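In the part that follows, the structures are each spelled out as structure tokens.
Next come two complexes built around chain A: one with chain B, the other with chain C.
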Partner chain A sequence: MAKDDLSTHLKYVGTRPDRPDGLDKVTGRARYGADIAAAGMLHAAVVRSPHAHARIIKIDTSKAEAVAGVKAVVTRADFPTGLTGEDWNLQENTMAGDKALYDGHAVAAVAATTSLLAKEAAELVEVEYEILPHVTDVDEAIKPDAPVIREGAADASVPEGMPANVVKYMEFGHGDIEAGFAEADLVMENTYKTEATHQGYIEPQACMGQLGKDGKGEMWVSTQGHWYIRKMSAAVLGLEASQLRVTPSEIGGGFGGKTTIFMEPLSLALSKKAGGRPVKIVMSRAEVLRATGPTASASMDVKIGMKKDGTLTAARAEFRMQGGAFPGAPVDMALYCAFAAYKLPNVEHIGYDVLANRPKCAAYRAPGSPMGAFAAESLLDEMCHKLGLDPLEVRKKNAVREGDKSSYGPKFGSIGLIETLDALENHPNMQAPLGPNQGRGIATGYWFNHGGETSVSMAISEDGTAQVSVGTPDIGGSRASIALMTAEALGIPYENVRVNVVETGALGVNEPTHGSRATFASGKAAVESTNQAIAEMCRRAAAEWGIAPEAVEWRDGAAHPAGPNAGDFPPMSIQEIAVKMGETGGPISGHHEGNLDGVGASFGAHAVDVEVDPETGRTTILRYLVVQDAGRAIHPAYVEGQYQGGAVQGIGWALNEEYIYDDKGRLQNPVFLDYRIPVASDLPMIDTVIVEVPNPGHPYGVRGVGETGITPPLPALANAIQNAVGVRMRDLPMSPVKVLAAIKAQNG
Partner chain B sequence: MVKVNLWSSLRRFTEGKTEVEVEATTVKEMLDGLKAAHPGLGPILDAGISVAIDGEVLNGNLHKAISSENEIFILQRMKGG
Partner chain C sequence: MSKIHVQTIVNRDPVEFLADPRETLLDCLRDHLGLTGSKEGCGTGDCGACSVTVDGTLISSCLMLGVEAGGKSIETIEGMAQGEDLHPLQRKFIEHAAFQCGYCTPGILVAAKNLLEKNPSPTETEVRYWLAGNLCRCTGYDKIIRAVMDAAEEMRGAA
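Coming up: the complex of A and B.
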């Protein structure tokens, strides 16, 4: 679709109506994962390894089974065998087999009539371990003599001779990297490290599963993707997917961490063993932090060549990431995003996915991109300092535009980076005066948009209102945005459209709400579905009028004769058509299924002002600005919320959050008191600017906006801290103790 | 014939080339052609990749038509959060 075909005269799209889920959430009526209950329901507790790496010699469950009220105990022996590939990885992570691979790895689970009883019985499960050497740091894990997590785990991408914990290897780039560096006036190279961080969703994982001996089951679960829960649970337990019906609860945050399974299959396995009684599992915060997927930790070498005028001549990135004891660290995505903002004639990327004794990583908002940005955008800023160049001007000078070759290969389609940088430059925050120990940092960030498998249906109700059924759980306002787009297409008020997130039995397959896709993909499919219903309503009106369907057009919520030759009929409203639909051919509905294309990537640019206390090393954020291309903001308040939420998570990653392991590989901070995410009192209001460079691949110009916002804060804060107190932090988090040490080192 | 750009560490399976040509009119034929011409690519392609056509990353569109006019890149499988 050409840009000028995009709808421009819009009545509902771009407005800020009340949130459809707002009242339920503030009154406690919304039902989350742990809110479900059923007759005969059992409660489960999971026995977890206290060791980072240990061979499981023996598991004795007899004492737990003997407790009155205990109805089932499961170990890996209760799971099917013979799985391969990612199915095996998922099963192994759900329940340890021969070895416990990280502190918190599940080794058994108990179901009992009360939660307390289940926990007490879990403590009676006796596990005999042979403790093995462990490794949790990526640079240690990649050494040739590191403890081997799993022999033979490398895929075909890994050349012979690489260390045993390297499970995936990649190189890509273009141009002549050495010639590019030779052309530069300044070449700099540094190493940057980021710690693993958790998505930090407020609602821990929770589910209730029920499975009979006939292989038919149901699940209620807090998830971003219930078809994934179904597919993965079915694979891990050897079930037929269609026999498992999965209903998503309201969700209290996911940020990527709820796109996969952890304990969900355990509830089904326990239920089956307990005679089909439903089994509820609610994780504690400590279990969430120890045993669900954080993002990867990273060690990154970056080298950039720059001319005196700021023109980039070459860039090289070599990233090492550990994503726990299984393959899947987002090193590829980190490399794709690291230099994506810049025109680079010569570029080289090298990546290693490395195993370590940590929990299996999961997706976390723009997986990999924040790490890549931290490395690349930090070094770029350091070079601007060295050459005395304005960092914003350098970014604008090298910024990619439509048609430019990306650093990862393909040419860019429609993008809005330069518009985003212009809007940043023109914002009042950029002129705010700064005092002693205060500094300003800027950085850019990039994330793709994903279409993915999508299935949506919509139906006209008898009173002329509309309902839309989607399969993407609403984690950031997608019900509101889909309702707005449907209302716009139908020409009826937003309040007359209800969007329901429905269970797996109600639609074809849907990928999760991931890849910034829900508003893009489910929204696009909802518009396609609505257009089908509109075509049918036009057909009904045409039949009523005795004219050809092609002579009828739809606007303002009614069928109209398309022109003077079509006849002189008064408009027939959606209510008039709907109330008679039972007599004119039956229900009116539409549906759309497909792998949706037309995605629109989103660039962002952030500016942060900080004050660093030279006595304590504490960084206080004075003001924070997010500018990002949304394509078109369907519900601007939700878009701003995504920008603000992403920035806050990035700020936490930059300043405070980290996984701290002791010398035995045990996580030392598995509670929010010690794993410190930012709270409202830590931050000023995050200022936002929505740039709108419409995506021609969407009927309303939508780009995915959910993920980009987490990317720039890491380097923007490092750049601001350098400008405030002169120290360059290359190792996250930039906690007070580290910043203070750097200041002291600088002062001698 | 379509030209396919591979990530550079795959060149050990393609006699050192990162741009290869195959006879294909769809994405599926392109992938099948790559595997037939360079069997070492099979496990990599089967494990899951993304295909970018004229700048747009596509997953799961094996039957999409392609021609010599398209810019085609094989990329690591895209993931999102």
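Coming up: the complex of A and C.
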């Protein structure tokens, strides 16, 4: 698809109409997880371990059970045994078994007639612990003498003799790494660290579950993917997924953190024990921070070889990441993304997934990519400094193009990195003058994007409008973009398409809204479904006209006779066809499902100007620019929103956000006051440029836009700070205290 | 704990409810009055998702007890539109795509309305500082600030 032959014909795609769920969301009518109530509903509270690592000797629930109004108490004894693999991990994380594995790990749950009562009763659950030595830092956890989180947790990838907390090991690359370094004029190697951060969605996890004696249940959940919630909750409780019907609420942010289960199965377990009454669980912010999703923390060694002219000759990355007390740190993704922007003849990657006494990590926007970029893009910049090279020129010189072999193996299809870097270079922000203690930093970022399991249906209504049923919850305007694509394909106004996010009973399996897939995959399936309905409408028109269906073509929302022998009939509009579809053959609909491929990867490049106060170490952002290849922006305002939101999450990660543990392994900052995400007064406007190099694997060229934006800010800010005040920060967050210490050390 | 009878005005209507003395105003609005538009994001006064006004003062309703609401006049997101007519801020938030998930939106709209009542022509910096107590994790604030500035301009024009 050449860049412009489609875009000049597009009528709805690329416009910025009001989102269909806008009215509900500005009036307070939209119903999120905690907004549900049902007859007979109980409220639950969860008892959590105050210890980072402790053997559970005994749990006495009798006092809690004796409270009038308490209807059920559950512990791990109420769960089935014999689970293996990730099912066991999920179950163990939902409710501790022999040991509490992190501060905040659930050990019991109570359901009562009011939430105040449930909280009171939870305090009466007596748990006897034997405190064990703990470890929360990844470099400590990988030491041979570190406290062992769980014997036998390593998978087959881990070679004999590695420390016990290493549960996954990987090694991959190509070329001859030593020969590559030998060719270089400069070889540099450094270690970089990133702390864990939380997705920080403003809506805490919330659900209501109901499970009867017959094993049939229903759930209402704030989630990015209700089929995942269904499958995981069923596995943890020993049920068949088919016996659960899960309805997604509106979702108050997820960023990957709501693609998995935490307390959701507890609502079902409590409901069953309470005679099938619905049970609602709403997490507190402290529970969210202590026990749900953060991302992994990382310690990363990177080595790069560069010629005097900036050509990269070789690169090596060795990453250690902890994702809590369970396997699953995104070390593989971090390694795939680290050097993805560059042509590298010789490259080596080594990764360790390490257990530690922290909550089980969940996906967070481009999982792994920000860490990898922080290490690789920081070192690259340090080398440009050393050789006196322009960091943008060096990036352009080494940038990957279509057909290049990627650093992690596969060949790139159509990509827009060069176009992205060019757009960055040409933006006025790059010419803005800088004063004392001010500096500019640039960096790139990468995400694969994702297709995955998708099932979508659409139906034509009698009035000639269209209803689309999708299974991907709308976190940021995907109803609008799917409606735009459907309207475009059908040739009817955007307002005449209604997109519904439907429950698990209404479609086949859908993966969550994750990996930047909702607009790509549900959109692609919606267009395929629409094409089926169009074909049927053409058949109906053909039958009425008495001509062959092939002699009918669909255009501007109507069937037209086409071709030499089609005859001269006036066009038959969608309304005319729809109003009598009952007599001409019944409902007209379309359906598409599959494991969708055709995904197009997305590169971004950011430029940030900062001023660092040498007295306090505080970094102020003066200007921020996000440039990213969207493939095509279906609803540009929401594409910009993804760029801006991703960038600001990256800014928070770079400058402020971190998990702080005390010497007992207890999280010290489980409130928003101390886990400080960026606020409006911290920021300037976030400038955006949408590059459009269409993805040939999507009917409208969509790549997916959600993930990449979080990645470049981490290195871009480190690079800007060096340019402002000369210090190189290799340990996140670059909080005022740390930057000030570095400035002082530099000044001797 | 025995409950206390509270009579107050919410969105210009007289209401009454029975509150446990430990329940916050946010709990009472949501659980006793069915006004679930105000959200809980933190329960500690740090996120602003629960913003309402009490006698014209912007507060975090998670930090006020329900029993303290007696005899006051409370405005929540549910009272912002006049019948079918959206407040200019509500329209501008939709028009500018000033929310993604929408969870912070009720609190931000209530806070922004309170700002514009006090200061009809705020600068960008004033808007940013006024809304610094309202966390949004989705948008990076850019479109929120633009929507507020645009609504202020329109309201000035209409006044």
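One rule holds for everything that comes next: the second predicted complex is superposed on the first by the 739 of 748 C-alpha atoms of A that agree within 3 Å, B and C clash if a C-alpha of one lies under 4 Å from a C-alpha of the other, contacts with A are read in each partner's own complex, and residues count from 1 in each chain.
The rule we apply is simple: a contact is a pair of C-beta atoms (placed from the backbone, for glycine too) under 8 Å apart; a residue touches a chain by one contact, two chains touch by 3 or more.
Note that this is a predicted model, so its numbers are computed, not measured.
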Chain B versus chain C as contact partner of A:255, first or second or both or neither: both
Quick one: is A:448 in contact with chain B, with chain C, with both, or with neither? Answer first, second, both or neither. first
Using the touch definition from the top, say if A:412 reaches chain B (first), chain C (second), both or neither. first
May I ask you to decide whether A:84 touches chain B, chain C, both, or neither, giving the answer as first, second, both or neither? neither
First (chain B), second (chain C), both or neither touched by A:599: first
Which partner reaches more residues of chain A (counting touched residues only), chain B or chain C: C
Contact-wise, after the overlay, does A:565 reach chain B, chain C, both or neither (first, second, both, neither)? neither
According to the stated criteria, A:16 is in contact with first (chain B), second (chain C), both, or neither; which is it? second
In the superposed arrangement, which partner chain does A:514 touch: chain B (first), chain C (second), both, or neither? first
So which positions on chain A get touched by both chain B and chain C? 199, 255
Give every residue of chain A touching chain B within the complex, in rising order. 85, 155-157, 159, 169-173, 199, 255-257, 259, 330, 332-333, 336, 363-367, 406, 408-413, 447-448, 450-453, 514-517, 595, 597-599, 697, 707
Quick one: which bits of chain C touch chain A in the complex? Just the residue numbers, please. 20, 22-23, 30, 35-44, 46-47, 49, 76-78, 80-81, 86, 90, 93-97, 99-106, 109, 125, 127-129, 131-146
Can you name the residues of chain A that touch chain C in the complex? 16, 18-19, 21-32, 34-35, 114, 116, 199-204, 250-255, 282, 284-285, 475-477, 635, 637-638, 640-642, 644-649, 671-673, 677-683, 685-686
Chain B residues within the chain A interface of the complex: 5, 7-10, 12, 40, 43-44, 47, 52, 54-61, 71, 73, 75-81
